[in-house]
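Worksheet: the structure to be examined is printed underneath.
Chains here go by letter, A, B, C and D, matching the order in which they are written, and residues are numbered from 1 within each.
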Amino acid sequence: MTVKIGVVGYGYWGPNIVRNFAETPGAQLVAVSDLRDDKRALVERRYPGIRATRDAREIFAATDIDAVAIATPVGSHYELALAALRAGKHVLVEKPMTADAAQARHLIEEAEKRGLTLMVDHTFCYTGAVRKMKEMVETGELGDLYYYDSLRVNLGLFQHDVNVIWDLAVHDLSILEFVVPHKPLAVSAVGMSHVPGTPENLAYITVFYDSPFIAHVNVNWLAPVKVRKTLLGGSRKMAVYDDLEPSEKLKVYDKGITTTPSPEQIYQMLVGYRSGDMWAPQLAGTEALSLETRHFIDCIKGKTQPVTDGAMGLGVVEILAAASQSMALRGQPVDL
Amino acid sequence: MTVKIGVVGYGYWGPNIVRNFAETPGAQLVAVSDLRDDKRALVERRYPGIRATRDAREIFAATDIDAVAIATPVGSHYELALAALRAGKHVLVEKPMTADAAQARHLIEEAEKRGLTLMVDHTFCYTGAVRKMKEMVETGELGDLYYYDSLRVNLGLFQHDVNVIWDLAVHDLSILEFVVPHKPLAVSAVGMSHVPGTPENLAYITVFYDSPFIAHVNVNWLAPVKVRKTLLGGSRKMAVYDDLEPSEKLKVYDKGITTTPSPEQIYQMLVGYRSGDMWAPQLAGTEALSLETRHFIDCIKGKTQPVTDGAMGLGVVEILAAASQSMALRGQPVDL
Amino acid sequence: MTVKIGVVGYGYWGPNIVRNFAETPGAQLVAVSDLRDDKRALVERRYPGIRATRDAREIFAATDIDAVAIATPVGSHYELALAALRAGKHVLVEKPMTADAAQARHLIEEAEKRGLTLMVDHTFCYTGAVRKMKEMVETGELGDLYYYDSLRVNLGLFQHDVNVIWDLAVHDLSILEFVVPHKPLAVSAVGMSHVPGTPENLAYITVFYDSPFIAHVNVNWLAPVKVRKTLLGGSRKMAVYDDLEPSEKLKVYDKGITTTPSPEQIYQMLVGYRSGDMWAPQLAGTEALSLETRHFIDCIKGKTQPVTDGAMGLGVVEILAAASQSMALRGQPVDL
Amino acid sequence: MTVKIGVVGYGYWGPNIVRNFAETPGAQLVAVSDLRDDKRALVERRYPGIRATRDAREIFAATDIDAVAIATPVGSHYELALAALRAGKHVLVEKPMTADAAQARHLIEEAEKRGLTLMVDHTFCYTGAVRKMKEMVETGELGDLYYYDSLRVNLGLFQHDVNVIWDLAVHDLSILEFVVPHKPLAVSAVGMSHVPGTPENLAYITVFYDSPFIAHVNVNWLAPVKVRKTLLGGSRKMAVYDDLEPSEKLKVYDKGITTTPSPEQIYQMLVGYRSGDMWAPQLAGTEALSLETRHFIDCIKGKTQPVTDGAMGLGVVEILAAASQSMALRGQPVDL
């Protein structure tokens, strides 16, 4: 069986989706829709055998299409995904899943009711580095998790419809959902816009959990240098993930502290330091998106739940929404 | 005239103070006090001509001492500095100035009343990189200031008496007081302790100002790698300050955005990008502490106000105190 | 007038040549030849309107083709380029131009005789960094040139037909031909093969000039890390070119020495040090190969000499040949 | 038994020797000599109990001195060390051991005849990184050694008496003597002076061995940036040693090639690539010179041969001398 694919949106990310589905075994790319003439012309030049259409509804109505990938601005995700599901199509939707949690819940419901696969394109969860971090958490190699601390800044594309949190922090929130076994309880976020009439271009987000684990994400569209640096601290080992390193993206440090009760004061601990080797594991080199499109096809065929399913997409949207709310309150924590 | 110096405390930082005063023209090191026998033995071996005493009061009482440097834990700063001022000595006190703002105000008052020099050892304000940043702000080279964003983490010495904010963030707060012309209005901070019975070992602090400028400081004693990276963003240029770089500690980027009103929507701006040269100015190579001890002597002799005077020390303590308060409220902003 | 292009060879580099000519204004891609069936199938899938042929002679014979790009192993360059020129086609030939200097001279002659454009694909000469270095040499910004020192190593593709010099050092030699105004006089090279039956996989090459300028190139296919670092030292300034830096590939240091005659000894100089700012100029972001294919078309249309013409290609081949000869003599210098 | 130490020379390196002997258990610093009044004044201020003398002969003649450290320019090493040995003193001599091989051989003879310890101050052999490299070679972790490739450049102190090889390459040659089990056979070196009347300020040296191992050293006093980067390639693993890294100075890569005989051609090998983890071992943090002064005392007391004995010092001098000779012949190899 071949899964026949339609893609809605051929803007920034759509071409990557299309290129990967074109090379995914078991998938066949059938149609692409985009509102812009030049984008459709591009599709036609690059993929002569594929239908390029203006109206996404033609894709939903097409009887030769089994699954739809939606790569449009976040504001339209809900409506398009809903239409696709109602037309009986499996759906892969660009992140963030929807503009609010109610919409995400509705899509999950709709997919479940119809027995359709609903997957969110949280690409980072398919990278070698993030999968290795998850593995180290699950095997206990890192010990108890202490913190996740991410710096994700660059001179970026200001967006008009969403703030920097929905554009950049969404990556960290999906990694957190994927890697961290604890449950987020509340969010505190602050941010600022430096251009009147545009959404916040920098933000600092803290997520509190049901354990002594804390996550912090620093995102900025107005930084002079590009930085992608994440620390994941545990009681046994600590990892540094730098996505811009050409090789050795993930470094694992056998470092930490040891604590012994202080003889003087019962409530106080004596803290010692442990310092050992550093280790950069060899990571899988496959393009994350290629792994992801294969996974989408596998889930459809095997009727299994995707790694980045609707529930994970919802979890990310809930934190994004709470962060935006906290930001309006200058950092006051908002419960999840 | 030679200013005769007594130093209280020969622990972690005291030896640096002593070494620099020993080489400062116009200063003469006379006595050092420390409670620990081994520390006094060290002083005697290294500086045969200098009195080593157990009791700081001997230093305050000595008629051949004009000025006192206090390099003890923060909890004792107030009491010792007050005693020194009351004994008619000029005072250089280690940072943070005091454990709370009331104490700092009292010391300022006491020094003013007696016409004595009161200076706080905010060493970073005497480094070539920070002085160049201040210069670029003052000449308008950076344009309107947008943000200050600092990552200051390492596997650090856990302290029992103060949390990581009072140990590490104090550096950034002094740089902010020194470099930024805006007035801080409120602070939001979150933090966490991973060792029961010890203060917070990581913290994220945001300072709000009376302008569209925002400051963020990320400090952590439990990081596997040492990072000292500060971004200072302005409307014309942006700087990256990396204190661990052996050379080119400060890089200035001729990058930013341009904004024009959108023709479609009156409230929206079209954002464009500017990208130009990067420039790493040659920085003064003098040891900051050496510059600082000279400045202390100059202020005493010339009866001028130090760059890092009591008022700046107080400003820093006020933010530290507000940050600790906000931290107890999980990030709720605390007004200054 | 549109220049109609045929490309011979669709292996490692050919696809880049084809892709760039496909987007070059004034050029029209007409045919591609490759001996391998799968490569031709790839061409047909990617460029439906283009002829894919097994035999390069069909390209030379085609009356609708004006110019030919040759992207085959170096051993076949001479024969193919000669056939193309004799068929009246302009020629862009992959670097190194030929396997020996006599072949290169013959091609230059043949092209001149027929009034055809002959260009060598020394892509680095079209990068922003190398063009900026040339500009700094020409304007005198670097002062008198002292040395060129390049480290170009990685875990690389061992080749069977050529040694590491012909694969990696060829880049540095073309940069030297392009940037340095002095005349090379002799070459000393040493190298070693660590796999019996394969050519040298590491080599160290020194080029002597008719001035106190010296060039050194260190190439290695067996290095655990990829390094691309070039120092260009002058009497006024010095540049560091790191092609792996995502931004700031070129850094210019206002550093150097000052010399004054020693009072004691007439033959001796007192050497002082100058240390100033570092500056990373904004570089043109255009893909080098795209600039190069446009330049090829412009040269054909305007009947002008290419920047990387046959003479430069010959200069590079002469040094490559001399280096291989010196290598066989364990470093004995070979005159050019 | 306490070994009583005299130090000759208190210029650039002498103060480090003195400071370390002052803290070495089993050693007692007795006297320091220097021709310059200000240097002797410095000694007296820093070490009140120690004799400071103008004439080294007083040190050799002193009956309360057992061992002498010589930290003077290389031109005087032979004469001073010889006088010390003849006076019955054990000798630690600064590197390079002597100005030529005959002198080094004579010192070895003289020390042997008298049963005295003769050690050369090749400090790098006492660093954690170099000792770990030696260990990895000895345990076979790196496999067969392929190459040693070192880049050691900076804007350095031009010296009038020796060229850059004797100043900088001496470090690499001592590491090679220490780490590499193969026997050096010949040297090819080229260099250049850019200041008339001063010795060569840059040089490229290649050392050939009695095995398919090759060493290359690139040294330069006129580089705009400081680089200390060494690659050590083996058949099983490869190491990168960067002495400027604050931590992780040594990185070990589980990378390399695999070779299988080509089915087509009996003389040709098919080369494949292996890529695995990277590992940065925790290194001993002790100051190398402190380890070295202890080792000197231990060798004197136990009558054992130092790790960096006269024979190693001689080996280094032989290569330095051959390299200087080859340099005069523009790279012609000189047999050892």
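Note that in this section contacts are C-beta pairs under 8 Å (C-beta built on N, C-alpha and C of every residue); 3 or more make two chains touch, one makes a residue touch a chain.
Since this is a predicted model, take the numbers as computed values, not measurements.
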Task: Labels of chains that are neighbours to chain B and to chain D - done: A, C
- [ ] Going through A-D, B-D or C-D one by one, find the pair whose contacts repeat those of B-C for over half of the pairs by residue number.
- [x] A-D
- [ ] Just give me the whole-number Å value for how far the CA centre of chain A lies from that of chain D.
- [x] 52
Open item on the list: Measuring centre to centre with CA averages, how many angstrom lie between chain A and chain C?
Closed with: 42
Task: Residues of chain A engaged with two or more neighbouring chains - done: 225, 247, 275
Task: Of chain C, residues touching chain A in the complex - done: 48, 225-226, 244, 246-247
Open item on the list: With touch defined as at the start, can you tell me which chain A residues reach chain B in the complex?
Closed with: 146-147, 149, 151, 153, 155, 158, 160, 186, 188, 190, 192-198, 202, 204, 206, 208, 212, 214, 216, 218, 220, 222-225, 231, 233, 235, 238-240, 253, 255-257, 259, 262, 265, 267-269, 271, 273, 275, 326, 330-333
Open item on the list: Taking the touch rule as given, give the residues of chain A at its contact with chain D in the complex, in rising order.
Closed with: 247-248, 254, 275-282
